[in-house]
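Listed after this line are the structures, all set down as structure tokens.
In the two assemblies presented below, chain A is common to both, partnered first by chain B and then by chain C.
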Partner chain A sequence: MKSVRLDRAEEASSNGAVPPVDPSKGRARRRPLGGPRWVGWTFVLPGLIGLAVFIVIPQVASLILGFSNSTLLGGTQFTGTENFIRLLRDPQFLNSVLVTAIFVLVYVPANIAISMAMALWLKTRIAGRNWLRVIFLIPALSPMVANAAVFRLLFQKDGVVNQMPAGVGLGPIPWLSDGNWALAVVIGVSIWQSFGYNMIVLGAGIDSISPEVIAASRIDGAGRFRRFFSITLPLVSPALFFTTVLTVIGAWQTFAQAYVITGGGPGNSTMTIMLYLYQTAFTNDQLGYASAIATVLFVIIAIFTMFQLWGQRKWVHYD
Partner chain B sequence: MGSAANTTVAWLFALIFSFPLIWTFFTALKPANEVFAAHLSFIGSKVLWSNFADAWTEVNFGRLLLNSLLVAVISTVLTLIVATLTAFAFARLKFPGRSAVFLLFIITLTLPSEVAVVPLFLGFDQAGLADTWVALILPGLFGAFGAFLLRQFMLQIPAELEDAARLDGASTWRILISVIVPLVRPALSVLAIFAFLGSWNSFLWPLIILSSSDKWTIPIGIAGFTTQTGTQWQLLMAACVMTIAPVVIVVAFAQRQLVAAIGAGAFGGR
Partner chain C sequence: MKSRLKNTRRRGRVVVSVVVAGVLSLGLAACSGGGGGTSGLDGNTLKMYTWIGGKADTQQWNDYIAGGKHADPKMSVSFSGPPIGDYYTKLPTVMKSSSAPCLLTFQNGRVSQYVQGLEPLADLAKENKLDLSAYSSAMLEQLSVDGKLYSIPFNAGPTVILYNKKMFKDAGVADPTLNWTTADFIAAAKATTKNGVYGFAIPQASNPISTLMAADGHPWADKNGPKLDDPNFRDALQLLVNLSNKYKVAKPLEAAAGGTFPDIDAFSTGQAAMEMEGLWDLQHEQQALGKDNVGIAVIPSKSGVSKGFIGGSGFAITKTCGDKEKAFKAIEAMTSKSALEFVTKSQASVPARLDALNAWSTNVGSPQSAAVIKQMIGDATPSPVPSNQAQLDTLLTQYEVNAFSGKSTVAEVLQKVKAGLAQ
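Showing the complex of A and B:
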């Protein structure tokens, strides 16, 4: 929209002040900036080449390598669908899909719910709420590795969490040596680290709701919950949708938390797909097989993203 | 709920939320044998500021810090240059194929970039660039978010400014440098902060591409130190404090701009 408006403004401003339009092009639009038609390419080329070489081509190459037995030392031979058949029977891989799916199913709703609740809470009358916002944002902008190292210390068997007064009588919980607890810790640190970011995105969405609408609903006698579900939620739904899509994409690629806190253990209970991919490729030198894992992950993320794009018509309101 | 009670509850929650970082700071000051004390205590029998100096040598934090700073500064400068050129082309120039190229940039935003690390590694390895900072830095420079952020700002500059410069005989380059760049300086500084933090926090790619420890950045060093047996937690926590502190300072000083940029959705989620 903006660029259209800008084009009109340029045309309007060209009345008389600038050299006449180039009639040979058959368009009633002056030559932009008066420079040669192709000059734009010289500016876009560095970015475009970089994008092609370091983002687009690796994605395509990854899809191709998935059909090979490529290793760093042994070269590359194409083996058809062998990798994908092997993946279907690879208990470690299937486990990693399950672990990551549990991660996504718990982490994403919890993250979104907490972000939304916190965004709403910080709209109420709180002294120093700008500073609260900063406090909640800090972990989201600090290195995940440092945050994960901190949590690894907190959840040691004789660590501070097990010394909390609330835990007295329960005995020490084996946070990192029990599979279910370890996954809970990995999910917990992820939520702790990242909800501050989504809180701010959703807060901006709430800010953009006009006060008149809220005031009108108050006059109509809508209660707090009614107001949230009938006014706030629909109006903030574009921001909510955007946030959810990106959070889901990020969640499927979870890596650093698991790598630092548990290393995938105990017994593969926190082995995410990306961690298994990393170990397959760079510990076991099975680059082709790892690329097949990447392809499956790519497809999973694509399906989840398209499903959300399709589903948004039912609940996202743009206007 | 009155606003005094509300404020108290909110700040109490923030205190609990910050507990891990507060605990990190106090652990960094404890003697080694009191990190896991039998009773819960913030302060050990001694307050050892020397742990920070020890982390500098034991974790090799000085080297890691220097590497991380250099890599982040180089990455930030190059990211700003590439993003400025791209955004300028999209916002202010018309050229054949512009909408097709623009569409390509938009599509790449939805690609899960970390999924493609294997071919990226193979490519750099074939080029003889594995275990170099060139390979570390290059792939991070071309994300489309920066270009889109700057483009939004450049679109708002009135065409009259350009036209005036054009009449004075300025070239397209001159207009970019003398007219456009000064006007989008606020957006450039926000982008600089995000580029810097992106490099500062980056983990998976450095872990893959860097094998020599003298080239490592902070996250690789911390991860290596954390996962080894017999971790000296007080030194590790001192390193974590020194890693997170710069982020805290940057966020505190630039909070208004950062909150506005994140709220505009400029950088996507995590």
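Showing the complex of A and C:
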């Protein structure tokens, strides 16, 4: 039998060297760019190395360290599941899970709702809407630490924000000395920082909706609310799904806002999991225990993401 | 044909595997420890990792290096580092890295957490015939762990009260004396609290507590760590809370990131008439408020016989340093009498060598401030530095806010801190 390289099959076929192959089968077997296999690997390699060095190796190292009592300067002894058992009894860690869960529950819906509202508003024919998009995106482009430092000054007892209630005779609000208010500040600043990005993504989704579909719904007599819930929302659902997944992941990993504005206080009212992880590793010098926290956080995020991926079948429409 | 295809694929896989392995091993090699004779050096220049919060810190280290060169022209040291708020957090990672420096600096004697990566200096001092008795013994004790010396002090940082002389004068308050009491201090704070300006700016974390305890002769920590159950510890924190909530002479503490200094900001911007800080802050305040407008007073005590709380800073050598002998000679040069005298020409920090104190009095201090420093250094309350101080400071910063807001009592705050330390 005459052998022929798969990537030269088309050429050989046209020469009559081999019988023509069924195009549907051929498409499945041919490499899109043709050429030897190593060419493909060469293209993939840089990304693969980045993935291995910056994601896979640290992740595996962190997983392994979670089973040890490693410190930054000292040695490492494997301690089995001790760190994970300790986590279940650690009130500081359990509190940080609760604080982060509250953060996720408030921040994610508020962020998505505001982003969607702004995207819909900017879809209307208002003057300078492209400039407004850029202006609303600026917080997302500026460094979180710098923003948070400014907000800390604004929310101090004698800061600018408290001058407003003082102007109408109200006492100062204890933004940074009461736990509930402090968490509200952290959530508020986080929304301000990040809604612009989601607004752009959702805006692109809304812009891609065919005007004919909207026009047809109008002819059928659909009002604003009906159009939003029955036309816009289903058609923008892929973008909504994308932003929700990323926002939930980011929310569980919240760090800079709490670190810079409140340092986790007052008490531990704004102690997120990431901040507790950081303090455990770098202030308390318990690298092994911090790695165990990182593993648990990874599992929490993975569960939430898988749940979202599973749930998308019911509400995301790709057609 | 099958075997040829297999061979081609196998060769491809081998090539890819070799390339991946090569690149990964290169990356890992870059991440691995340096070691060898040049570790911590850049050519002939010793690398020093230290805190650099701005121009003032940069100037300070340039001055110490210039002072060292003054004593030993061959000495060559370069420096880099983050602001003090991030310094101790990043330090262990830097000490472990392939680019670990030869020299490190420590403030307030905070060496105990890092001794696993530090070179003990007693043998090097002996080999180089360095006379350790020239340095303050309280500082040498603070920079030692289990009897081993890990750092040679370059400045003595007794915590003092810095006050705004103009505000005192405008309020008709006399300059504090060497034997002023806590009652005198509160009276001065009350008199200077007016028009939105507070009499005192409260610092965060453990330093004001340890300083107030030391003033009355009570060490704030022992070999077991901070003495959170000591009634004097509770009284010191209660006094700080009272200054805000009872006497209304200080702004209450609010939640803030660790490593920030709202008290210093308040004093240097004229929003507070007094602050309690290490003398390292003197020069910064003189620049902000005018050189002759910043006075120094001893820490007020109940009895009027105030003792000092020493927080000396020193140089240390990493275990990974490629040339420890050279590093030690650099430390010797930068902490020599002539170097520290040279530094007093431009820096307000008090030299760690007792024989260089006269130069400080001449170049920086008035006779009044020199008397304050002599009392604070000469009669200091010795106290170890607990290895978990960073953790303690973080927990205190978080929880003490609840005592100022009235949500918790001081005793409850200390219980929370104790529980956090036990984790």
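Just so we're on the same page, the second predicted complex is superposed on the first by the 271 of 319 C-alpha atoms of A that agree within 3 Å, B and C clash if a C-alpha of one lies under 4 Å from a C-alpha of the other, contacts with A are read in each partner's own complex, and residues count from 1 in each chain.
By definition in this document, contacts are C-beta pairs under 8 Å (C-beta built on N, C-alpha and C of every residue); 3 or more make two chains touch, one makes a residue touch a chain.
Just so it is clear, the model here is predicted, and its values are computed rather than measured.
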Chain C versus chain B on the shared chain A, clash or fit after superposition: clash
First (chain B), second (chain C), both or neither touched by A:Q92: second
Contacts of A:S230 with chain B and chain C, given as first, second, both or neither: neither
Which of chain B and chain C A:G74 touches, first, second, both or neither: second
Contacts of A:P266 with chain B and chain C, given as first, second, both or neither: second
Partner chain in contact with A:T247 - chain B first, chain C second, else both or neither: first
First (chain B), second (chain C), both or neither touched by A:N180: neither
First (chain B), second (chain C), both or neither touched by A:R37: both
When both partners are placed on the shared chain, which of chain B and chain C touches more of chain A: B
Clashing chain C stretch [against chain B; choices 225-233, 261-269, 279-287 or 315-323]: 261-269
Overlapping contact positions on chain A, where the chain C interface meets the chain B interface: 3, 37-38, 41, 48, 72, 152, 156, 158, 259-260, 263, 282
Partner chain B, residues of chain A touching it in the complex: 2-3, 6, 9-10, 13-14, 17-18, 32-35, 37-41, 43-44, 46-48, 50-51, 54-59, 61-62, 65, 70, 72, 121-122, 124-130, 132-154, 156, 158-160, 163-164, 192, 194, 197-198, 200-201, 203-204, 207, 239, 242-243, 246-247, 249-250, 252-253, 255-256, 259-260, 263, 274, 277-278, 281-282, 287, 290-291, 294, 297-298, 301, 305
Chain A residues within the chain C interface of the complex: 1, 3, 36-38, 41, 45, 48-49, 52-53, 72-74, 90-92, 152, 156-158, 174, 176-179, 182, 259-268, 270-271, 279, 282-285
Touching residues (chain side chain B, partner chain A) in the complex: 3, 6-7, 10-11, 14, 17-18, 20-21, 23-24, 27, 35-36, 39-40, 81-83, 85-86, 88-98, 101, 104-105, 108, 110-123, 125, 138-139, 141-144, 147, 152, 155-156, 158-160, 162-163, 166-167, 171-172, 175-176, 197, 200-201, 203-204, 207-208, 218-219, 222-223, 226-227, 233, 236-237, 239-240, 243-244, 247-248, 250-252, 255, 258-260, 262-265, 268-270
For the chain C and chain A complex, residues of the former touching the latter: 1, 4, 8-9, 12, 15-16, 19-20, 23-24, 27, 89-90, 92-93, 95-96, 113-114, 116-117, 251-258, 388, 390-391, 394, 397-399, 401-402, 404-405, 407-408, 416, 419-420, 423
